[in-house]
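Both of the next two complexes hold subunit A, though its partner changes from subunit B to subunit C.
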Partner chain A sequence: MNIAGELGVVYGLLGAAIAVLFAGAGSALGVGIAGQAASGVVTEDPSKFAKVLIMQLLPGTQGLYGLLVGFITLSKIGILGGGGVEVSVQSGLMILAACLPIGIVGLISGIAQGKTAAASIGIVAKKPEQFGKAMLFPAMVETYAILALLISFLAVSGIQL
Partner chain B sequence: MSKTKYTYAVARIRALEVSLLTNAVIEQLLACKSAEQALQLLVEKGWGGDLTAGTLDADEVLNKEEEKMWQTIREVAPDMHVFDVLSLPKLYHNLKAAIKEVCTEVENKNIFYDDCEITGEEMFALVQNKEFDKLPGNMPATAREAFDTLLHTRDGQLCDLIIDHATLEAMLEAGKKSGEKIIEEYAQTAVAIADIKIAVRSQKTGKNAEFMKKAMVNCSEINVDQLTQAALAGAEEIAQYLEGTSYREGADALRISPSAFERWCDNKMTDSMRSQKYESFSVGPLLAYLLARQNEIKTVRIILTGKQNEFPDEAIRERIREMYV
Partner chain C sequence: MAVLKMQKISICALKKDRKAILEQLQHLGVLEVDRDKEEDAFFQKMDTTGQRMKFEKAATAADQALGILDAYAPEKKSLLSSLEGKELIDRELEEKVQISGPELIKTARGIYDLDREYAELRAGIAKIENQIESLMPWMALDVPLQEGKTKRTALILGTMPGELTLENIYSILLEKTPEVMEKTGGVDVHLVSAESNMICIAVICLKEQLQTVEEALRSAGFARPSQNWSKTPKEQKEVLETEIAASRERMTQCEAELKSLASKRKELQAVADYYRVRADKYAVLGDLLQSKRTFVISGYIPACESGPVEKSLTEKYNCMVDIEDIEEGEEAPVILKNNPFSTNMEGIVESYGLPHAGEIDPTTIMSFFYVFFFGMMLSDAAYGAVVAIVCAILVKKYPRMSQSMAKSLKLFFYCGVSTLVWGGILFGGYFGNIVDIVSEKFFGHTVTVPALWFVPLNDPMKLLVYSLLFGTIHLFVGLGIKGYLCLKDGKVVDFICDVVLWFVMLIGLILMLLPSDIFASIAQTTIVFPAALNTAAKVMAAGGAIGIVLMSGRANKNPALRLALGAYDLYNVTGWLSDALSYSRLLALGLATGVIASVINQMGAMLPNNVIGVILFIVIFIVGHVLNLAINLLGAYVHTNRLQFVEFFGKFYEGGGKAFEPFKENTKYVDVKEETTL
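Up next, the complex of A and B:
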């Protein structure tokens, strides 16, 4: 295989890698931060395990969004589900650009959501009856990850090869 | 990741804050008819840990709580050196006690603190063998000076003065070294309050300027020369000096009584820590928890001692500190 001839596919693959890698890293960091806070609370009060576990999982969605965009990108450039797709350099670069929103926003929002979830875990530790309100704060951060997913998804799907 | 290194610790502290005594519980303790009844109420709140209910002793319960408090911080804190500011007074107390024991040849194991860097036994051995260089920080020079002073002059107060001065200097130094703004501010406030207390006591006992300057330490809020001049002039002058500092509200308390001033100092410290309830990633909540626990242990000790000695409720109430939660 001649790399120069297949440069379009390489760019497309790079886009898929960015989506999965950055969004996944954001989620890993976010879930890690929230997990530290959750462990702190469960050490003192194991009965709050279920509530803090939900909080810890909230920053995990960015990784899934990255995975989703990664899948449709791989499928688009023919790496998944059979080959035979010609990807020009221009199309490859367009796919790469389309993958950037979920990659970058996924990384930043994952970390930010993890910190917010850790702070909200503090609410659950002191006032478990306020669980619903506590969950809303990290959920707000999710909005921007969803917006980025939407644009990446629409853009990757809409690119004509 | 260093910005989130306190995440676990703060979350654990949040869970523990639920069991801190509230002002309502303090009222309940005050309403108890006897010290035994108050102690029983504390045991029901989980105080004393695994001490058996039949053999309860107030001192034992309070010591156990203090021990539990440090144990928790040791478990959660990523770096214990940040809390040197709070443990230094105990360390220097051990030095003071060891020097006095060695010089006077009177042994009393109960006067030492064992929950600090150098336990009583170790400190006694170091002082007895004159191995002062094995002590940390500014302690070797202080220990040597205090030891020689006590040995030659037999003046216990002068020995105390040297060590107390070194304690305050070490606290300021530890505050700076901690690299945490809140710890540094705490050290500055603690030293300022110590200076003011020295001025008030020196004024009452008629000490001279030289004594006061030897005892006090300059900090951001207090100018030793000015405070000394005020103390030499009288109690009202100390209050007037305080009005020009950030301790102006303390001046009113000082005019009422020294104990009202001490209560005001503790309440001010608790107030300044309240904002830490909303911090999630810094050392602040740990410091606030430590101070809150110390404050409630001190308040409970005041209530129990007051009840044991059958003090009137009003006399106990005016010494009660405000709680953190």
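Up next, the complex of A and C:
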């Protein structure tokens, strides 16, 4: 077997890395943006801590979705749980492609959701009773991360090695 | 499923009963007072701002005092004390507080004064400490720290920049004031102390030359000390130190006094509330219309309360009570009333917006879907059990918590039960796959708890189809409610055009989709309909679509515009598609919980099988699952809300009603125990 033929598992791992890396980075940026706004509110009114903390956490889910896809990819290509799986170049590249949606959408939606969460924290600061509505705006952004997760997940679990 | 029926009530009574009637109404707390009545020639409003301010100030004073007491003698509170709710006090204490109110307020002011004195003393000590600090360089001086004189000479003290030495100073003086240095006795400079950045010097010279010498020195950076003392630095320091000691002692006294006053906390709380309630009463009083001998109070009252209130008022007092129904379309304040299960979801509806006039309360229908979807999204039996048990314990343990808090906890209790059912029985998830991991790791053979239905991770497409099915049912129910509302208002044309036609078209489209290849590949089963049904589906879809194009723009007279609007409305079918697809989150969030839980378990499983390994396993298990539970609980909550608010309410519900805000005893700390008249 030549070296090029053994690259399949590497592509698969690259896919898992992309899913975790980009989605995680998106969440980190998003949670960071929201956290700055949240700290500003807490300096003024520490009693709103719990509410703004929830808001700050909302963009954190993309990272989890990335982790999820990364995890099932790792177990698919046999890196977790003992190996013994032959991954052809073609299926490796397919797995890599399957990981792209959650990686890229996770990155972009994480940042966008962070900005929306920061704006929603502004709502909570001024009108704490509108918490329920404020929470919805970031959740709207998350829908697209969920759709990407779904396709990535279905694709990875659907690929026959 | 109801908005409580409201009525309008007007009470006209004699002024002599004013206080008693207002107090009774405030105690009952069932009347929202109408405050925007117009004045006229007979009925005038009374200015009560003065009294109101007085009571508000008293309440604030008590609040402030309580805040101070909390700082000096904090009450022991557990983390969950915010759940405890207001304290219940007996009537005896309340009466005592009412009598001794002014005295208690005096105590409150006393507490405030003590706190201020304490702060002032502390500031004073800091100031004295600064003075001692500035004295320190002069400790070697054994004359008073001020300008000194003998018959012919003068002494000045001061500081100069640190790099100078005595020789430098003499040479500066020689250069600047040669006549002084050379002709008369000159100048004597003593070094008192030297530090790196400044030196302290004592300068003795002839009285008449003092000014010249000082000016010469000043040009080189000489400055007199900022303070003069009539005692030597050493004595002065002792004086200052005794002052500090005295202040400290007084501070301890203040603190002890404040601590001893902490026993008054309960009374202060009661009195703060007492004055708050009275301030509210005077605020209402100021908005009432009053003639010479009578007054009128009017407002909204729930229909179920109006009878008893009328009866109790007319029995006791000489008054007229007039009750009338709300006119059609008038925006009355809203109270939701639901069965014991659904009432817990009222907060969710409230956060979207209460129903406005003519709308129905969606709480009951929503509550079942809410719990159903929540369970699907969290979908882990153990997580569900944890949530349900924690909520149940909290509700039992703190019976006096605020009503809205109790409702939220009960909501999560039901959601937890639903999660238990979904996760455990249907999907076989207990902390992810903890049973498999533990049995394999510690007992050598893998035990899997079987799922009664199927495991979503092995068959995600199946669950996706079910998610979309539940979503479609949810959406159809929403559209159905819209139809019901149209019929209730007698708008039959609207019902047929906006609801029936859509149902016909959508059902037709679904029936066309089911036997298609796309669906077969998703659901992995092929559905074959008889030919007649396939034809019927096509006819329904086409008929519905044509009907919508023709009828949607019916408000417009222009036929071209009407068709254009109809075609645009037909475009909404994409909205239906995206709404239905939105329910795929039921699958995605459920998977997220399960897979991340498995990741945590997997991490634990990688540890060696010894004592330390087991301990670390337990730590990872607890920390990991608490985090996963928290974040997925948040996710399930947010996304269940979203499905209700955007997809479901979007079909029929607007909201925007005003909440019922009764005139009641709005207390902050305590509730008074009801008298039992046995």
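As a convention for this text, the second predicted complex is superposed on the first by the 156 of 161 C-alpha atoms of A that agree within 3 Å, B and C clash if a C-alpha of one lies under 4 Å from a C-alpha of the other, contacts with A are read in each partner's own complex, and residues count from 1 in each chain.
To be clear about the criterion, a contact is a pair of C-beta atoms (placed from the backbone, for glycine too) under 8 Å apart; a residue touches a chain by one contact, two chains touch by 3 or more.
Just so you know, these numbers come straight off a predicted model, no measurement behind them.
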item	value
Subunit C versus subunit B on the shared subunit A, clash or fit after superposition	fit
Degrees between the directions from subunit A toward subunit B and toward subunit C, using C-alpha centres, nearest 10	50
First (subunit B), second (subunit C), both or neither touched by A:Gly40	first
When both partners are placed on the shared chain, which of subunit B and subunit C touches more of subunit A	C
Partner chain(s) touched by A:Met135 [first = subunit B, second = subunit C, both, neither]	second
First, second, both or neither for A:Ala117, with subunit B first and subunit C second	neither
Touching partner for A:Leu150 - first (subunit B), second (subunit C), both, neither	second
Contacts of A:Leu13 with subunit B and subunit C, given as first, second, both or neither	neither
Touching partner for A:Lys126 - first (subunit B), second (subunit C), both, neither	first
Minimum Cα separation, subunit C to subunit B, after superposition on A (Å)	9
Intersection of the subunit A residues that touch subunit B with those that touch subunit C	none
Subunit B - residues contacting subunit A, complex	4, 7-18, 76, 280-281
Residues of subunit C defined as touching subunit A within the complex	348, 350-352, 457, 460-461, 464, 581-582, 584-585, 587-589, 591-592, 595-596, 598-599, 602, 631, 634-635, 638-639, 641-642, 645-646
Touching residues (chain side subunit A, partner subunit C) in the complex	54, 57-58, 60-61, 64-65, 67-68, 71-72, 80, 130-133, 135-136, 139-140, 142-143, 146-147, 149-150, 153-154, 157
Subunit B contact footprint on subunit A (complex, rising order)	33, 36-41, 43-45, 48, 115, 118-119, 121-122, 125-126
